[in-house]
Every structure is written in structure tokens, then in C-alpha cells.
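Structure first, commentary second.
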Amino acid sequence: MGILEVKDVGKRFGGLQALSDVNLSVKENSVHAIIGPNGAGKSTLLNCLVGKLIPDTGSVMFDGQSVLGRVPHEINQMGISRVFQTPEIFGDLTVLENMMIPCFAKRDGHFRMHAVRNMMADREIVEKAEAMLVDMNMADKKGMHSASMSRGDKRRLEIGMCLAQEPRLLLLDEPTAGMARADTNNTIDLLKQISDEREITIAIIEHDMHVVFSLANRITVLAQGTPLVEDNPENIRGNPKVREAYLGETA
Amino acid sequence: MSKSNFTRRGVLKTGAVAGAGVALPTIFTAQSASASGYTNEPTGSNVTLGFNVPQTGPYADEGNDELLAQQLAVEHLNGMGDGGCLNTFTSKALKGNGILGKKVDFVTGDTQTKSDAARASAKTMIEKDGAIMINGGSSSGVAVAVQGLCQEAGVIFMAGLTHSNDTTGKDRKANGFRHFFNAYMSAAALAPVLAKELGADRRAYHLTADYTWGWTQEESIVASTEAMGWETVNAVKTPLASTDFSSYIAPVLNSGADVLVLNHYGGNMVNSLTNAVQFGLLDKLVNGKDFKIVVPLYSELMAAGAGENIKGVLGSMNYNWQLDNEGSRAFVKSFGEKYGKPPSNSAQTCYAQVLLYADACERAGTFNPCGVVEALEGFEFDGLGNGSTLYRAEDHQCFKDVLVVRGAQNPTNQYDTLEIVEVTPAAQVTYPPNHPMFGGDEASLGECNKGA
Amino acid sequence: MLGLNNKKDFTLLLVVAALTLLAPFVLNPFPSDSAMAQFNAGYPDLMQRFVIFGIFAVGFNILFGLTGYLSFGHAAFLGVGSYASVWMFKLLSYNIVPAILLAVVMASIFALLIGYVSLRRSGIYFSILTLAFAQMSFALAYSVLSNPKFNLTNGETGLQVYANDPQVFHRAGLPDVPHLFGLSMRSTYTMDVGAWSFSFNVGYYISAIVLLLVFYLAIRIFRSPFGMMLRAIKSNQTRMSYTGLNPRPYTLAAFVISGAYAGLAGGLMAAMDPLAGAERMQWTASGEVVLMTILGGTGTLIGPILGAGFIKYFENIFSKINDTVLHQWFAFMPDGMEDFMVFVIKPFVGKGWNLTLGIMFMLVVIFLPGGLVEGGQRLGKWIKNRGKSKDSPAKTEPAE
Amino acid sequence: MDAILLQILNGLDKGSAYALIALGLTLIFGTLGVVNFAHGALFMLGAFCAVTLSKLLQLSFVTIDATKKDFLGNPLKVETPYVEAWFGPEIGASIIDWAVPLSILLAIPVMIAVGLIMERGLIKHFYKREHADQILVTFGLAIVLQEVIKYYFGANPIQTPPPDALTGVANLGAWFGFDLPYPIWRIVYFSFAALVIFGVFAFLQFTTFGMVVRAGMADRETVGLLGINIDRRFTIMFAIAAAVAGLAGVMYAPINPPNYHMGMDFLVLSFVVVVVGGMGSLPGAVAAGFLLGILESFASTTWATTTIPGINQIIIYVVAIIVLLTRPRGLMGRKGVMED
């Protein structure tokens, strides 16, 4: 029984069957990659997991509870955090403030008025955020305007913000898309370090095989909206069906 | 760099300097200078009047006309120009040497035809510039609001154009005076003429601007026309913000009505009349009679805006420059020579109000509002253009002849677009001060307030 | 100090305090009999307006400046506040405390209802929803709710206190104008110093103290976690929901707070002058507060106050400059020159003050996107740099 | 029955003005991403093109007629329009009579020029700025434009009648055997509006230029990548939108006499129309314009106002609220437009 159980999920957009009969089980504390060619339905599946889309059929269970019918912030409160393809951070805020917001969310839930107290006076939050920045190797950037950072730093900050919530499941949507090689490698190292040091499950959607095989210990291949095969990396690498459907295409 | 104090500018400059110097903003002051003091008591050689007219917004042209008349009045009071109505006014207290020997200055404000803005600009003139009297305005909402303010501040309010019954009805104030006529008087003057011109068995359809003034006018017209035998088919309220009245005009066609009464003013009236003519109402024959349109309150600017459409349309006015009496001729001559156009009825009202105020101060021998109130109450006069007039003591409303006018069929120039049909004598439009449309017995002027 | 960790904030509060408390001097720089006295703004009514619209704009900025939600209907709350106050005057007494309290409460309730519905949408859709609600309120107040059978607003004339109103707590000896436990809002002490004359008005000072309190509160909100959440919403709503936070209660709270500020401003307005007109609810009035905020500097603390002062100054001072005044100014010039100057300036003052205001809007937005605050900052920088280049090489100042 | 038809006609007529202004607003928003609060002022400028032309045509020389007196008792100055002197009284008079339709010829170049100057001189610098800044600067421009008009033409409305041949009432029901009188000029106005709307749609649909613009509205970046200078085309679209608003104004002048603030009167309603139609959707703007026009007409009937007092004051806003709450992006709005 995995921490995330996807059963018979189907989703139709007009005439297009984007997903059909998707079954997926993500084991606790694993790094599970979902790969597939363009248009395979990876992003649609991800959106079904976080509440942005509601599947037409099937069920999505997280830790024994259904996520269907819940809106994104509720699902997040259940323990699922999401990293986007283009980093979604609070560009108008400083790096430290960016990091403080998930700390508040973790401690206070989805809404709480702290309208009068000075935010910097909340030592507990500030310290936690600063510690997280140290973990992310960004302590020197804490006063920076976050929009002015490099893409790699933004990605790092975004991952850090997700971790600050201490999620049980971290979803990553092509975390290295559009990154230079050096940034990509840094990100891989960071994710490795996270999965080694923390009790966390990671589900990653990725195009870049280098990233997938460096990180994943379980891989699901999606093709035309339905899972082709699910196995460990070694077997996937040797699977001719996968080569045909996916690897061959990108080569 | 003219050194002579006799140039126009020199006079104005010294005047204003001295005027501002004495007009310390002591209004609303708890710590008054002396027990006998009153708000903005002029102590120097000048006295400041406040002219509060719409300078922006749809009534800006009307406001401009009022301002021209007020400036003319100040000129005449200060002994400049040809003296205008000072020569014809039956009270001979004014000598053309200012008021009580003090030279008259004025300040201006913009009412924007909003009661808030009007009160703000009036307060500015009272608090900052030391105005001792406020005059002007082109709507009843503004008049009532500013009148209330002047009552509280302890200055005199001489209303400009305000036609609602309330101004001297339920909202009457001891410090406020209205020279302009009102909806009741319009109705009382119009009804007999309507009966004579259109017959006593007409069926009327009212379109009424959906706010206080519209309602009071509709109420007045309905009452007086029904009294002479007309039937009111329908009375429809139109939103003030309407620009197109087609959807209100269209139902008139098949309503069986043969008279349309437009209880609209300004832009509303121009558009509703234009639309009514567009729909061919005036060409229709209903119940065997020619369809007619009545606009109870006319103004020259509305007539200009409505253009050809007003031909044959009946209405009433406070004053028209074509009125032939000594005062009117003198006023039209000096206004026309100075500005190249005849005065409108709101201009005449403001001109008369300024002179009446000045005259009352002279006769009272003081600027003290309570003295001025006393001098104006029950004052009978002539020679300001409207013929014999009474400022009634009970409600501070002027009673004078009311003009019934009609859009001219063949105007010879751009100014004689209206022709006078009848001059209804004052007696016929007089009503008791406790008339139910005017607040009944409850309405009271209160005490005059000299402020300070 | 005062819970303000940031030294800059505390300085800002001190500056605003000094400006408001010394306003009678600051705004009356010219001797009262000089030709420049025209530009003096230190008389009670205008000073009251400055601070009241300052409160309105500061509150509006909490919504617009922090969350980026542009409401075109905030004047409705101001109007509701005014009506509530005047009703308190009519029913209870002229004491301003219950009046202002009810104004704030009623405006908050209205803001809660309108905000709850409007905040279901964002962007221009939100703006138009608020506009629609405000225009409805205006139409209702101007005519529908002023009919003789059910007269809640007294329509065109405006709601005011009549002699036959109950005023159950009114006692002899209390002033017949709005007062604070007997202290009339109208009392003014005039101080003459040489050629100058300064007015100290009770109503103004009460409004000024209220402004200081709510300005202080605004600083606290800006610096609070709540304020940060609001800025985060403006910055990125997606990240907000994927951080487990629900943006809507935050925006609704901001909406209600700014509605309460508007109600407070409306209540104070009625307290200074007990008449509530429907025009103050019109969309143009809502537009005005938007303009004040942008003109001053959106999202800055002091910007809205500056913007409010700026616009009200124009409305009240420039609109009063008529031909006579102009001729007086240029009387020192030769005749032809004088007439020429008057001819050139005339379209922009007096009845043309709207034109000048429109031009100012355009110039400020084109050249100072950050509003007057940015203008001030640039000026400050320029002066600093000039100073530096003179007595360089002074030590570099630490960054703020 | 005919009462209902009459109100539908009234609604279509009111809707024509809304639809034309909203169409221009949507074009500008869709192409340039600019919220143009000066669009009402463009409508007003169009109406004043008609006023200006009819004043120009009536420019007169003065002769003194000593037999008549003016209001001051001086000899009357008789004004004769130059046009009448040049072309003879009859042709001259009929040229003056047709001033409004003739002003279309004046309005098109004038409004295109105004549009180009506005876009190149001002709006261009605001593409990337926040919508709030765009609103403020165009609002400022609207105030400036209307104050300039007020300075030259005054605040009073100026009657601008249609040609004699097009005044009066036509019986639309005559062919069908019932009575449906309707003012001729209003029929002209509606037909004209329909023609302009049709023209704009045809232009966008069937010309290469229009196709590029539509593609650009859908995805600016991609079109830019194809090496097409989309900005220049958008500038031209701005001029076209200005011309559409101007033409709407010209033809509206005889319906209700123009005044300097008529633009502001229409602005708010037009924005409501655009939003109800759906930001960025041209058919939505047109449909919502006519829909709200018709609803407004029906709400002002006695039947409606006695059922719900005051409904005629608030109907448009009520409809806007209902539409926006049930259809998040308006009737035909596109996803992701103006939702930030």
C-alpha cells in the first residue's frame, strides 16, 4: 500500500482522452519518476493529484484519504507540496519572506489573522525560515528581492519553500526544464540530498533521462494517457517497449 | 507697472488686499471677538460676498451665466458701469458706493452641482475668504444643502436657481432666501393657461426625474391640472442618469394620453424632449386633439440645447429678458452691453439676489445676518425686472408674477427662442406658508443665526 | 518603538504626526493679506478634508496596494458610513462617538457582503463587480431609498438632522452641532501672529488624531504576517494556494478592513459636517480614491495621504482662482503682458481646474510611475548626490 | 405586441452605441492589452466632429439689416452662411442640412489621426505597465479631452439635427399590417451600427491583415516569432477602434444632442458591457451590448418598474453581477485574460 494510490483515473477534454485507466502506487520514502513522451498526459495526471483538475473517473488516495473534490490549498495541507515547471515564487517579496510564508502555513493552517504583530517579531518562524535557507545554501541571499535571482536560485528557493512545510509527498514538475547543465546538476544533488536526509516521498515528472536515472528508484512510463509499464530504473532502461514509445522518440 | 490706483486692476488689487486683511477666518469660532459680533463681520473698508456656482459638470454654462450676473451686480454696487437696476429699484438705499460704504469684493467657488462639493466650496469661502453672504447654485439639492450650512455658520444665503418646493418648504431656514419661483408656482401659473390653450379635458402622461425635485414638481402639476379637469394617465419615473429616453417615450404612443409633461431639467429635459419629438409625438392626433408637450420649468440654456424641438412647447419661467418693464429693460441693457447676449433667468435671479442683499444691509444699517433677515422679511419692492415683488416673512419666498412661455415658432435670432404667453399675476400663485406641499404646519424657519 | 521594529517606519510616523499636528502652520505659509494667500490651505474645512480623505486612501491602499485588487466601489462604504453617522445624530444625539462607531460597523458589514461576492472573481472582473455594487448603492441612495414612504437617505438633498428628529440623548447645554462629549467640532481658535493667521479647529484635530491612529495601524498591518500574506497574494496566487494557504479569507479581511477605513472616513465626514449626500457614493468618488492612491504611490505607506492632499488641494484651491484673482496677480505687469498672462493661465484654473488635474494625472503616471513618493525619493537622491559630489569622497552610507 | 417590438427596437438602438464602443474597447484590449478609459472620450470627439462640421458649414458673414432690431434695440445683424452664398441658398441649405452624414467623411480621418497620435504618443509606453497605470493615464487623457471640448463648445448640449429627409417617423409595421412607428434616424443609426460591426468582423475575418491581428490577439509571442511586425498592425487597430468609436459618436449626435461629458456617461456602461461579454471577445462585446440595451429598455417599462420599484436604475448592474458570478469570464470570455 503506497502513500499515494491512483486507481483507474480517466480524464477527457472534449474529444481527447487525456488519461485512461491510470493506476499508480507511490511507495513511502521512494523517489518515483513518471516519464513519457510529450502529450502522454503527465501534466494532466499531476494536476489531478493536486486538485487543479478533477478526474472523470477513478480515485486518488493520499495516505488513505481521497484528495478528489478538494481544492489545492486543502490538498497541500494534507501534506502534498508541488514544485512547478517554471518556479512559482513570490517575486515581489524578499527571499526570507518567501521562506517565512510556508512556515506560517505549516504552523497556522490555511488562514490566520496576524494583523498587528510584527512579522519579524515572530522568532519561531524567522528562525525556522533562516535555518531552511541555510539548508538550501541561500543564507547569504535572504534580503534579496526574489524576482531578481537566477533561475537556479529560484528553483532552489521554491524547493526550499516546499520543504519548509515538511510535506510527506513532494511533487516535482520537470524541475530542471530550461536549466543550464550546471544548474541541473546542482538541482539533482539537492534532490538527492533531500531524499537521503529527510523522511519524504518524491514524485517527479521529468523529460530529462539523466535526471530521472540519477534520482528515481521507481519509474512509471506513461504513453497516450495510460501507464505502459512500472518498474525499477534498470528494467526500464532495458525495456524495448519503453525504448520504442519514448526513448527512441527523443533520440 | 502702472502706479495709478484708478486703473481697474489697481482698484481691484488694493480692494482685495484690504478685503482679505479684514476677513479673518473667525467663522465657527467659539471664542468670538465680542458679544455683539457675528460671523465674518467686516471691519475694514471692504466686504466679501461668496458666489457659489457650478463651474464644472453639466451645469457649468448656467453657472457661468450666474457668475456674469453676479459680477455685474458687484460692479453696479461699487458704482461702476451704468448702474443697471440701481436706477430702477424702488428702494433707493443703494448709492453705488458699495454696501454701507464698504467696497464690495467677491470670491467664487465651484459647486459641481453636488451637495457635498457645494458645501465644501461654501465653507471655504466662509472660513478662508471671510464671505458674509453666499449666492448662486443651479439645483435644489445644492440650495438646500448650502442653505443649511449658511444657517449653521451664521451667514446669509441668497439662493440661485432652485425650483423645488422644499427650499422654502420643509427645508426653509431663517438665514436663507429664495428669489426664484418654485414647482407649486409653476403649476399654479401653468394650469389655467394649459386649460385655455389645450382644453380642460386632456389626458396627461408624466415623465419625472426620479429624485426629490422631480417628485415635487410632478406632485404640484398633477394636483393643479387635475383640479381643472385633466386626467393623469400615467406618471413614470426616469433615472437621473438616463441619457436616452426612447424606452420611456415609446409607451406614451399607445397610452391614450394626449399631453406629455416632462418633469425634467437640464440635460434630462433636452434629451427627453428631443426623443419625444423624434418619435413624432408632436405630429400625432390623439383623442381628436393635437398631441402637446409641456415642460413646466424652462430655461434659456435648455431651450438652446433643445433647439428646434421646443417649438410650441409650453412651460414656465421665473423671468425672461423679453419681459417689458423698466427694471427688466435696464438689466437687459447693462447685461447685454457688457456680455453681448441677453441674460438668462438664473442670471437675473442672482443679480436681483445680490442687489436685494446689499439693499437689505443698507436699510438695516448692518451686515449682521439677523438685521439683514429682518430687513428682507416682508420687503416689498419693484424695479429689478420681475415687477412688484414681496419677500414673504413666513418662509422667505419671493412672490411675484410667473411667466408662462412657449417655444417660438419663428425665432428671428438665437435669443428669442421663447415667447411669453402669459404673465400670471402673483396673487394667483400665492399659497399659505403652511401649505401641505411646503411642509405643512411643521415647517419652521427657526431662529436667525448670526454665528460667531 | 511602539512596536515598530523598523526605524524608518517610526520616523515616518513621526513625520506624519508632525505634519498633521502642525498643519495649521504648514498649510498657511503666506500672510493672510498677501496675494499668495490664495494658496493657503490652512482653514478648518480643507484641513479636515485632507485628513479624512487621507484615512480613506490609507484604507484603500491596504486593499489595492497590498493585494492588487482594484476596487471601483469603495466610495459606497464611505457613503454608508456617512449615512449611518447622520442617522445616529438624528436618533441619539450629536455626540460623534456612537455615530463613528456605527459608521465603522455598518461599512464593515457592507464590505463583508459585497466583498464576499466580489472576491469570487479577480482582475478586471472584480473591479467591475465592485463598480456595479457601488453604482447600485448610489442609485438606491439617490432615488429609490429616498421615496416619501421609506426615506432612508433623503435623496438629492442629503440626509440631515431636522429639529423634529428624536435625538433622545440630546440635552440642553450640549452644542447643536456634532460634538465630542460637549466639545463642538466647529470650535476654532484663531491665532494671529503678525500678518499671519492660524486656525486650530477641534474637528480637525480629532480627525488628525484618528488619522494618526489608523496610520499607525496601517503600518502595523503592512509589517505584519497578514500584510506579508497580502503582498504574497498580489505577487503569486498560485504559489499561495500550493503553499496550503487560502487567498480568499485574506483578501476578504483586507477588503473589510479597507471598507472599515472608508466607513470611518465617512463617519468623520459626517461628524465634521452633518449632511450625507448620495454623490459621495458615485463611481467618480470611488475613482477619486483610486487616483489619490496611485498619484501618491501605490503600496507605499505615506503615498495615499500625499495623493489625497494633492487632489483635495486642487479641487479647493485651484477651482477658486477666477479672472479677478488672476488680474490681481499680474497687475504689476504692463497691460498687454498682463492680459496675455491671464489669457494663458485662465484655461487651467477656476472652472478649468479639472483640466489641470487631468494633465497632472498624465504627467505623474508617465514620468513618476511610483507616484509622488517616487518623485520625492528621486529628489532626495538627487540632492544627496549633489551633496556628495561637493564634499566627496565622504564615506559610503550603509544601505538602509 | 407592438409595445414589445418597440422596446426591442429601443434596446437595439441603445445597444448599438454600447456595442460599438465596447467593440473598440475590446479591440484595444485584445490587441494591445491596454485598458482604455479614454474610449468614451473618443466617442464624444466623434460626436463633436459632427458639431464642428455643422458649425463650420454655418460659418457666416454678417450684414446689417436696419429694418429689424436685436434684443438691445440695435440694428439686427443678419448672418448668412458662406456655403449659402457660394452655392446658392438652396444647395447651401441642403449641404448644411446633411451636415451629420457629411461629418462621417470628416470623422474618419480625424479619428484615425487622433487614434494614431494617441497610440504612438502615449499608449505605446504603457503596454508593459500595470493596468492601474493604464487606467490612470487614459482617465487623465479623457478628462483633458473633455475639458478641451468644454472650453471651446461650452457645457450645454448642442442640438445637431439629422437631415430633414431622415427626420420623422417611419411605420415599420406597415408591411405586416400593424402599427409600429419608429424614428427614421434611429433606424439609420441601428443599420449603420450593424454595418460597421459587420465591416469590422469581415475585415478581421477575411483580410490577411485581420488574420494576423486575430492571431496576434490569441498569441502575441508566436506571431512575433514568425517575423511579423505585430506592433504596427496593432497601432493600426487602435486607430480603427478610435474610428469606430468616433463614427458611433457622429451618428449618435442627432439622437441626443452632444455634450462634453457624454463620453463619461457611456464609459462605465461600456466597461460593464465589455466585461459581461467577456474581456477580449469581440462577439461577446457586441452580443452583450445589444443584450444589455434590450434589458435596459424592458426594465424601464411601467410593468417592470411597478413589479420591482427602481429596477430601471439598477438593471444593468444586477445583470452584470449575475453574469459574472455564474459565468466567471463573462458570456464569451477567454481563459486567462485579465485575471491577474
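Read from first to last, the chains carry the letters A, B, C and D; within each, the first residue is number 1.
As a working rule, contacts are C-beta pairs under 8 Å (C-beta built on N, C-alpha and C of every residue); 3 or more make two chains touch, one makes a residue touch a chain.
Predicted, not measured: the structure shown is a model, and the values here were computed from it.
Undergrad: Removing chain C only, and moving nothing else, give me the connected sets of chains.
TA: A | B, D, once chain C is excluded.
Undergrad: Would you identify the chain whose C-alpha centroid lies closest to the centroid of all protein C-alpha atoms displayed?
TA: Ranked by how close its C-alpha centre lies to the overall one, first comes C.
Undergrad: Average the CA atoms of each chain to get its centre, and name the chain whose centre is farthest from that of chain C.
TA: Chain centre farthest from chain C's centre: A.
Undergrad: Please report how many Å separate the Cα centroid of chain A from that of chain C, as a whole number.
TA: Centre-to-centre distance between chain A and chain C: 46 Å.
Undergrad: Averaging only over C-alpha atoms, locate the centres of chain C and chain D and give their separation in whole Å.
TA: 34
Undergrad: Calculate how many whole Å lie between the centre of chain A and the centre of chain B, each centre taken as the average of the chain's C-alpha atoms.
TA: Each chain reduced to its C-alpha mean, chain A and chain B end up 74 Å apart.
Undergrad: Give me the residues of chain D that touch two or more other chains.
TA: Touching at least two other chains: 313.
Undergrad: What parts of chain B, by residue number, touch at least two of the other chains?
TA: Within chain B, the residues that touch at least two other chains are 60, 210, 237, 239, 241.
Undergrad: Residue numbers in chain C touching 2 or more other chains?
TA: In chain C, the residues touching two or more other chains are 139, 143-144, 147, 354.
Undergrad: Which word fits the touch map of the chains here: line, ring, star, complete or other?
TA: other
Undergrad: Kindly provide every pair of chains that touch.
TA: Result for touching pairs of chains: A-C, B-C, B-D, C-D.
Undergrad: Could you please specify the touching residues of chain B with respect to chain D in the complex?
TA: Residues 57-62, 210, 234, 236-239, 241, 243-244, 246-248, 250-251, 253-254, 267, 270-271, 274-275, 278-280, 283, 301, 304-309, 321-322, 332-333, 336-337, 342, 412-413, 415-416 of chain B touch chain D in their complex.
Undergrad: Which bits of chain B are touching chain C when the two form their complex?
TA: Residue list for chain B touching chain C: 1-2, 8-10, 12-13, 16-18, 20-21, 24-31, 55-56, 60, 63-64, 67, 106-110, 114-117, 119-121, 123-125, 127-129, 139-141, 144-145, 148-149, 152, 166, 171, 210-213, 215, 237, 239-241, 442, 444, 446.
Undergrad: Once bound in the complex, which stretches of chain D touch chain B?
TA: 2-3, 6-7, 10-11, 13-14, 68, 70-72, 76, 150, 154-159, 161, 167-169, 181-183, 185-186, 255-257, 259, 261-262, 265-266, 296-298, 300-302, 305, 312-313
Undergrad: Quick check on the complex: what are the chain C residues that touch chain B?
TA: Contact set of chain C toward chain B: 32-35, 37, 40, 43-46, 49, 139, 142-144, 146-148, 154-158, 160, 163-164, 177, 184, 186-190, 192, 197, 199, 201, 273, 275, 277, 279-280, 315-316, 319-320, 322, 324-325, 327-328, 331-335, 338, 350-351, 353-354.
Undergrad: For a test of understanding, state which residues of chain D touch chain C in their complex under the given definition.
TA: Touch residues, chain D against chain C: 35, 122, 125, 129, 131-133, 135-137, 139-144, 147-148, 151, 268, 271-272, 275, 279, 309-310, 313-314, 316-318, 320-321, 324-325, 328-330, 338-340.
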